[in-house]
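Chain IDs A, B, C and D follow the sequence of writing; residue 1 opens each chain.
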Amino acid sequence: MDFLAQNQLYIVMIIVLAIWLGIYIYLFRLDGRVKKLENQIRE
Amino acid sequence: MVLKILLGVLLTAVIIFGLGLPMSPHPQAWYELPVIPGLGEKARIIFFHVPTAWLSVVAFLTSMVYAIAYLRKRDLSYDIRSSAAAGLGFMFCILATLTGAVWAKFNWGSYWNWDPRETSIFVLLLIYGAYFSLRSAVETEEKRAALSSAYAIIAAVTVPFFIFIMPRIMTGLHPGAKGDPEGAGPVVEFKMSPNMRIIFFSSLVAFTLLFYWMFTLRVRTAQVEAHNHQRG
Amino acid sequence: MKAASPPFRSFLRSAGSVFLKDWRSELRTRYAVSALLMFVVTTIAIILFSLGSEGASPDALSGMLWVVVFFAAMSGLSRTFVMEEERGTTLTLQLLASPGAVFFGKLLFNLVLVTGLNAVTVLLYGAVIEGFVIRTMSIFVVTVILGSMGFAAAATVIAAIIARANTKGTLYPVLSFPIVLPLLLSVIEATKKASDGAFFAEAAGEFQLLISYIVVVVVASSMLFEFIWKD
Amino acid sequence: MSGRVHLAGEGLRKEYDRRPVFGNVSFSASAGETLLITGRNGSGKTTLVKIICGVLTPGGGTLSLTTNPHDPSRDRRGLIGLVSPYLQMFDEFSAVENLAIAMGIRGLPFDPRAADALLERVAIFPRRHDQVRTYSSGMKQRVKYAFALIHTPPVLVLDEPMTNLDVEGIAIVRTIMAEQRRHGILVVATNDLSDIDTYERRVDLDEGR
């Protein structure tokens, strides 16, 4: 904790990483769902 | 699939290295970033702010190219692409504006200074905003596509004039602008060490990939929607 | 003109007749002119009230002149197309004339309208607003003329888009502003130079910019107009 | 005077909002023939009329209108006259002025005597200098006939030709229709088959639904 308090930049980094991970996972799931719908249409 | 994984790795690396690597006044080791006088840690924004601004321009051009394609071919799938690109461009444009404004508050003392680049992105925001208000005002799909395509092209045609007007009217704060003793040429050139450059260009590539992925996703969802609409 | 081929001459005739029809219609109905004039008077009055007894700098005043022009133009220049759409005569015009003839006829009409409007605005503004002085008249006159042409060029195509959308006018300033902004910035800059007493040659850059703007916008809109005009 | 006119549509279709209005419509007609367009409400009669007049681009298919000998001074617009309920005159002008405007915008010379003769024929003559906005709807419909005929088009397109007309008006229109069939093509879009006694060609937009 001391380390983080002194290097606030790493807190920023962790937050940004978390946001990015969230977006990434969201996009992946969206991609999957769209693919499913597209397959439904094709049938 | 390869692209998606590449994107994931690349952007994660950009975040870790771009924000994580220590800065030192006289960089020796490969992992040390140089300190830019007057900016310090705040210089790190370049890895995220510039790519968003870059994408808002790329998206605008993409949208215009598909607008021309729509008017030539009268195929609604081009309009889907055009509006999808414009939508993403609008989002990235807002992101670039916000990140820039917050950063400007801490570095230049105020959120907004009407420096040439701020003015241009403001104009881009206005164009995007007008484009979407126009789209929402037209009900028939074919008409909406034709009118908004025409508008996008007219708007794009007038944008280059800003490049000639801005320097006459205002002095710049952004690196590369007139009146900046350090900068010559575009924003990318300012005093970047080789390792910074690698991170910066990786970030550009990663953001472009992200844009491409989001773009195809939007197009695909819109096509599914259009299909459902068609079947009633 | 002797060598003009018959199709070209009939194109000119056609565009001229579109202009003439709008012109005579305007004389009869005063559809656009009265709204425009009232707008100019109202805006100048508001500027007068807000200035009060305090003067503003000549730079600010030359900027404000174009604010008046912009909003007045935005209130009136869409009328040519919106009027056709409201009265259902768009189809009639589509049957009669090629899109190019309609575009250039309407462009000419808007040009006449906005030039007249600007002349009135400038005279009124100069007479009423104290502290607004023009030292280099030649720069100012050329600026007003080129500015009018630029406004007409940009406004005509946007008006055509607006008329075909369902909004009829509310979106007009929104759509026009980003398009007109380069024009607006250059004319403001040139007007400042005129009021500072710069030499004519010093404004050459602005004039080049204005001329190329007009050319680019007119060429692009005449190419796009067919897509806007035909369903 | 207009030579052999030929009007042909091949595989025409049109969509609105991705929904087909009609698909694969074909027809042809030559001078001296009447083409009848029928179909229920919403079957796209008006859409087809607008496509024939060249103000609407078809979603697919081709439409050709040829004259023989080819007259280069007239484009497609000059070959067609349209009368329809949704066509509006410039109503702050008089009937005569409307005809003059029409000829001017078409890029053709205006002959006032021809205009007077035409207005006489549709029985508007006494009020030809009054603004169109003061006319009754039946009179407006008559002015539209003059408006559509002033440039003597080889193809006359009538959408619901008898709208708003009284007995006298209907008689006038019948003679106009008969005359058009003598030298050119008459296209009529209507569901009221009592309007029209004889026709050579027919497009039924209800077919194939």
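Keep in mind that, in the parts below, a contact is a pair of C-beta atoms (placed from the backbone, for glycine too) under 8 Å apart; a residue touches a chain by one contact, two chains touch by 3 or more.
Every value quoted in this text rests on a predicted model; they were computed, and no experiment measured them.
Central chain by Cα centroid: C, whose mean Cα position is closest to the mean of all protein Cα atoms. Of the two chain pairs considered here, A-B and B-D, the higher C-beta contact count falls to A-B. Remark: chain A and chain B have CA centroids separated by 20 Å (rounded to whole angstrom).
Separation between the centroids of chain B and chain D, computed from CA atoms only, is 52 Å.
For this pair, chain B with chain C, the centres built from the Cα atoms lie 32 Å apart.
Separation between the centroids of chain A and chain D, computed from CA atoms only, is 62 Å.
Multi-chain contact residues, meaning those touching two or more other chains, occur in chain D at positions 57. Residues of chain A in contact with two or more other chains: none. Contact of a single residue of chain B with at least two other chains is seen at positions 142. Across the complex, chain D is touched by residues 74, 76, 140-142, 226, 229-230 of chain B. The touching residues of chain A, counted against chain B in their complex, run 9-10, 12-13, 16-17, 20, 24, 27-28, 30-31, 34, 37-38, 41.
Chain B contributes residues 71, 123, 126-127, 129-130, 133-134, 137-139, 142-143, 146-147, 149-151, 153-155, 157-158, 161-162, 164-165, 168-169 to its touches with chain C in the complex.
Chain contact summary for the complex, chain D toward chain C: residues 50, 53, 55-57, 72-73, 75, 77, 80, 82, 86-93, 101-102, 104-108. Across the complex, chain B meets chain A through its residues 4, 8, 11-12, 15-16, 19-20, 41, 213-214, 217, 220-221, 224, 227.
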